[in-house]
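Everything below concerns the one structure shown next.
A, B, C, D, E and F are the chain letters, set down in written order, and residue numbers restart from 1 in every chain.
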């Protein structure tokens, strides 16, 4: 009985956090290296959050699985000026893996946990209207030109968790590969979300990258350029953090980068005063 | 961190129970001896259940406080044929204590826990239409003749927790004292509730009343007459259990009597497979 | 037949007034000395107004009944610097009398007249968020810091007449005694009401207080300070009229003080071109 | 003041009648000889009834005005086997007078009384689907084959008083002349109305037709054949009463024939216990 | 089969035009000389446009039929200062012909084509609130002072095609004759329509009035005064075009004058890139 | 101009067919050999039908593309007792190709034609709840146990065309390969569709399979067993037609098999009296 009382106690201690986020839109970006074996557990956390009243939108990529499928299909990567080029067939394979495999697996895992999900991609409802990059011709790598959230909104209104594969479309019906961090940030801004939670495979931004304990828990987006200059933010973290910053400038309240390798990392972030990663805000 | 992970774990373990009761109507009867010093804690549990998607209706009595106020007002109890008689002034004092004091205290405690409640009595919206008892003239002690749940339904639909004081009204506008167990059961039946949870000051029905471990966890309402004959159900438990049985016959799925003196007793009942009291079912 | 035709005639003569107020929110403040033996008749008038399409909100106090109950309970009034102090127990008794006795009596009288009412107090739905007075420590005498009209709005939308006891609540769940005139004016402003009708035990503002025929029928709120200076408005009328003026500044169209001792005074006010009391406007 | 109090008194005495009919559908049939100079007054009564919550549907004919217009246009009436024949041009003139003149005059009079009306005929929304009479070839005199009340329902739902000219239409778009009593009864049945009030130029059914005081106030439809046999119901009253009886058999609660020449006759009927004409019921 | 394939082809070629106007409000003005024998065909086109998603409002006059009826009734036209004067009886005859004959014929033809229409005039729902002309006393010839589109809006929302006879009404319930072009333009502006299509008996504005091929397909409203000066726009076209211009200044996107004598002229206008008449725009 | 008039004529001739199907649910099954190079044209027809008011649900398979992908991935087909076995990896590849490639291509083509589509599979919203076949262990080849159409219904209600990939899911979140004809028939029955149109690569059912002109245009489902016996229906047509028959028994009004190789075949079927394939009905 004491153990059961302790459990009840813990539930009631979650109350203020549930109340804090009730009815608010939370975009969770999940993908890449953070997509470990624990996908069932992550989806169970998502179902729980949805059930206690948050409007959860799950945005996912799936880079490693795309690479594996391209390999298996013997599709060689073309490079243009040293950059990876997405030809039409590759764009199609990206769509196939993201929207047909990863997306439906996540939807199925939510279903397994008795949650209700609808899996969509950026072509559905013209959600992510895309064009070729202005900066360089990398083929069907897309830049988002407009976001139409109506399909997401109706899914949420009817009690479904929208699960979004980051594939874009243009007016000619051509599919595009879109960076998942960029897409998640654009969707979060368009949805006027309260929070964007990005699951990665690092603790967050570390003041000293060799020292896990040097985690910066809280950063103003004004400080980002300085941290990039000083090399504290570097490599693949740069675009990820810049798109968070852009979304915050576009209306999102806050974005946080957390370590998706930790079990229940989303719950740990939302159901505590301190969070567990690096929080970006205005 | 390990402690925090353990807490997250416990939250996710509550998921199936939350899903089980999501969107269902649960009537909680609270009052009398079960109304201990822990009212704030009980109201916090109620707020939590409401937040995770249950349609909670709180029905309360308040006998001891009525007696205290009658005493302080120097109001003497009249007895007719040895039974307590409720004269007009007493009926007014009952309304005053239940609907003005206990009811508003519970509403305030829910407010303190950041929940949203609306306190009503059976006169509001003509909810509990009442007449004098047929069985004996005990003055303004009421028998329910009709239940109109519309005020409760709109409160729930708009996200409020309805808190109901068990005062009735007749066509002439006369207020009546109504037995809280009877009223809770009648409301549960009229609301087509999933479950009626009655907080009492006993463990439940005990096979051997001197042996707490002899708790009967599960009873068919068909077995009730037999248990009354054998004295297993006796005294004040008889009307309480008979009104549960009537509600189950009137459409309620199940009713349970739990020990309100145990902290978080409602959570312990709902968030486990076994429950903690005696469950009545068809 | 002639008598019946005359009655029909009178009904059709009411048409323009019914049309004038159809769909508009009218707050009626009822209480104190105006709460005479004719409460049934006043509630019948309220039911009629509601039925012909006005959105009536009834706000009541009940000072004399509070005093009587404090006396009977032998509760002695504490004075601080010569002012009446409301200790915790007194606040509880105020709630008990207003929300449990007066409020439910009015609801019952509406029910008796086949109207549909819901009785609430300022704690319900967090309607009247209150704090201690800034001006002096008079204990739990409240000053309104915020008004949440959602419980009132849903009651009206569903066809109920909201009946409001002027008890407030703070974030800690503490109940407060609030001046009924102030509360009615605050609610009228928050509801963007068309009109606040205050039932009192005087004819209105008299130019010469010993001369009933010297009634001022119409006053701009700009003239109030001057009339206070000249003593035309004095005593208990000052706070009452100042809260009307504040509400008019806060968005209310007009406020009127009428003599509640006259039978059907509300109908006489609304169903004529001239009204019967003193009308305040911008 | 006493006069004003008396008026207020009379208003409150109307309360039970207003409550009795609130939200109920009342079909008023107005036309023929009952359509006297007092049309403005009748429309004011209609506006009043609508405002106090009844769902009024006004159905009108206009025989005398049709005759006058036919005369002025020099249109000669054709007789077939001694019965008046409606040729295509006559049907068009009927539509013109009923839907374009009488209907719009009534709509305008409601507008003058600050009511909101929509004038329709049986062709609008395919309301009265009609075919030639089976019994005899009288040209475009119609028999109702189906009723579609959707245009009426939306008008009421949006707060308009529907005013219906009794012109029918067939699948080929041909307009028909329909008997107004029949049409009113058919509409009342299709709308599942509470009551059909038929304004005529007689007191009602008289036991002795030369004795106004011999009014039969209350008749079961089962007694109609017998009264026809005995000549108590005769002439133009027969079809009128038979269509009432048919409507009652089709679901209408009650139908009443009143003397439209009496001012405020509709109010006199509805706002009293006894009514003023002959009431037909099951 | 080839013929059937060709038909299917043509349907799909209409797709972009259907998409262009889907959900948009199109006011069609139909009347006078354009009201030829092909009314059934015009109504079929209207039903088609409504069915493919346009919000069609049909506004009609009926001058020639009014003249014929006045003649037949032997009603002599009165002239005041050389201008035709509308006395009370004439206003009534106008209402009768427009709202009772022409309007109901159009409604019936839509019904014949399995469309759903509701015929209204400017008195219904107080749609066209009117007063006497300021410029000259021509009796009951009206100038529109206010437009209330609520009756039209609910008709469209419920899937009906509103058919509007251009009769106005004032506060006293007096009916007025209104110029149909003016009324159509006022309604189009009040409805914030996308387009006003005016069916006339000319090709449009001709640069050389004797040369049908000199059609001006496109005109800015700024050029209208100049064209009037030069005599390109003259006679009855001046008021027609000036009311279009006023509506465009009042919010309407564009207005077009097309030749109603051409079969399917409305379809030809809407389902092509070039249109068939003269288009006015800002 | 003559050509343009002819086109307008053809549009109006489509009117009765548009009216016939307005607001009705039509399930189109598209896939396999019928999925030719003309997919853009088929999607344009779908957009047109949706725009003129039909509730179109597009259900697709994609067998040939699955085979090609399995080949390219070097995935060998396992046979059990001579039957093709779907192992877990194959089920995943099926989902990838159907839900990620074919589905998103069709959605994109609708988008290209300015239509609005949402692409879903049977896992989304738990739409196609599936289990292993009872008849034989063919791995993850599914048998539908329940259909939940809520995701489809909300998509249609919000103006989207639902495009459904026939992948199923079980309670454990396992994906299944489902026969597309079976799935389309099950969805049509669950949606209470008016019509199921199945695009195939044959003319329909031929009385003499070598004679295209021997097309049976109309068949009662009662005649199917007999035609199978006689070999008129044979091979791959048997399961296709049996699932149509089952759907008709389950509530679908009618099912038709048409030749998807003919351009605009769906329009030819719907916009003519005779249709172009074989129609099955009760």
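Just so it is clear, a residue touches a chain if its C-beta (ideal position, glycine included) is under 8 Å from a C-beta of that chain, and two chains touch if they have at least 3 such contacts.
Note that this is a predicted model, so its numbers are computed, not measured.
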Review point. Shared touching chains for chain A and chain F?
Key: none
Check your understanding: Of the pairs C-D, A-F or D-E, which has an interface that repeats that of A-B (more than half of the contact pairs shared)?
Key -> C-D
Check your understanding: Once chain A is fitted to chain E on CA atoms, what angle does the rotation have, in steps of 5 degrees?
Key -> 120
Review point. Which chain has its C-alpha centre farthest away from the C-alpha centre of chain A?
Key: D
Practice item. Take the average of all CA coordinates in chain B, do the same for chain C, and state the distance between these two points in whole angstrom. Key: 34
Check your understanding: If you average the Cα atoms of chain A and of chain D to get two centres, how far apart are those centres in Å?
Key -> 67
**Study point:** Between chain C and chain E, centroid-to-centroid distance (C-alpha), Å
**Key:** 54
Practice item. Name the residues of chain C that each touch 2 or more other chains. Key: none
Review point. Taking chains as nodes and touches as edges, what kind of graph is this: line, ring, star, complete or other?
Key: ring
**Study point:** Order of the ring members, counted from chain E so that chain F is second
**Key:** E, F, A, B, C, D
Study note, to complete from the structure: The answer for chain B against chain A in the complex is residues 4-5, 7-16, 18-19, 22, 41, 44-45, 47-48, 51-53, 113-114, 262-264, 267-268, 271-272
Practice item. Using the touch rule from the top, collect the residues of chain F that touch chain A in their complex. Key: 72-74, 92, 95-101, 103-105, 107-109, 111-112, 116-121, 123-126, 150-151, 154-155, 158, 160, 165, 167, 169, 171-175
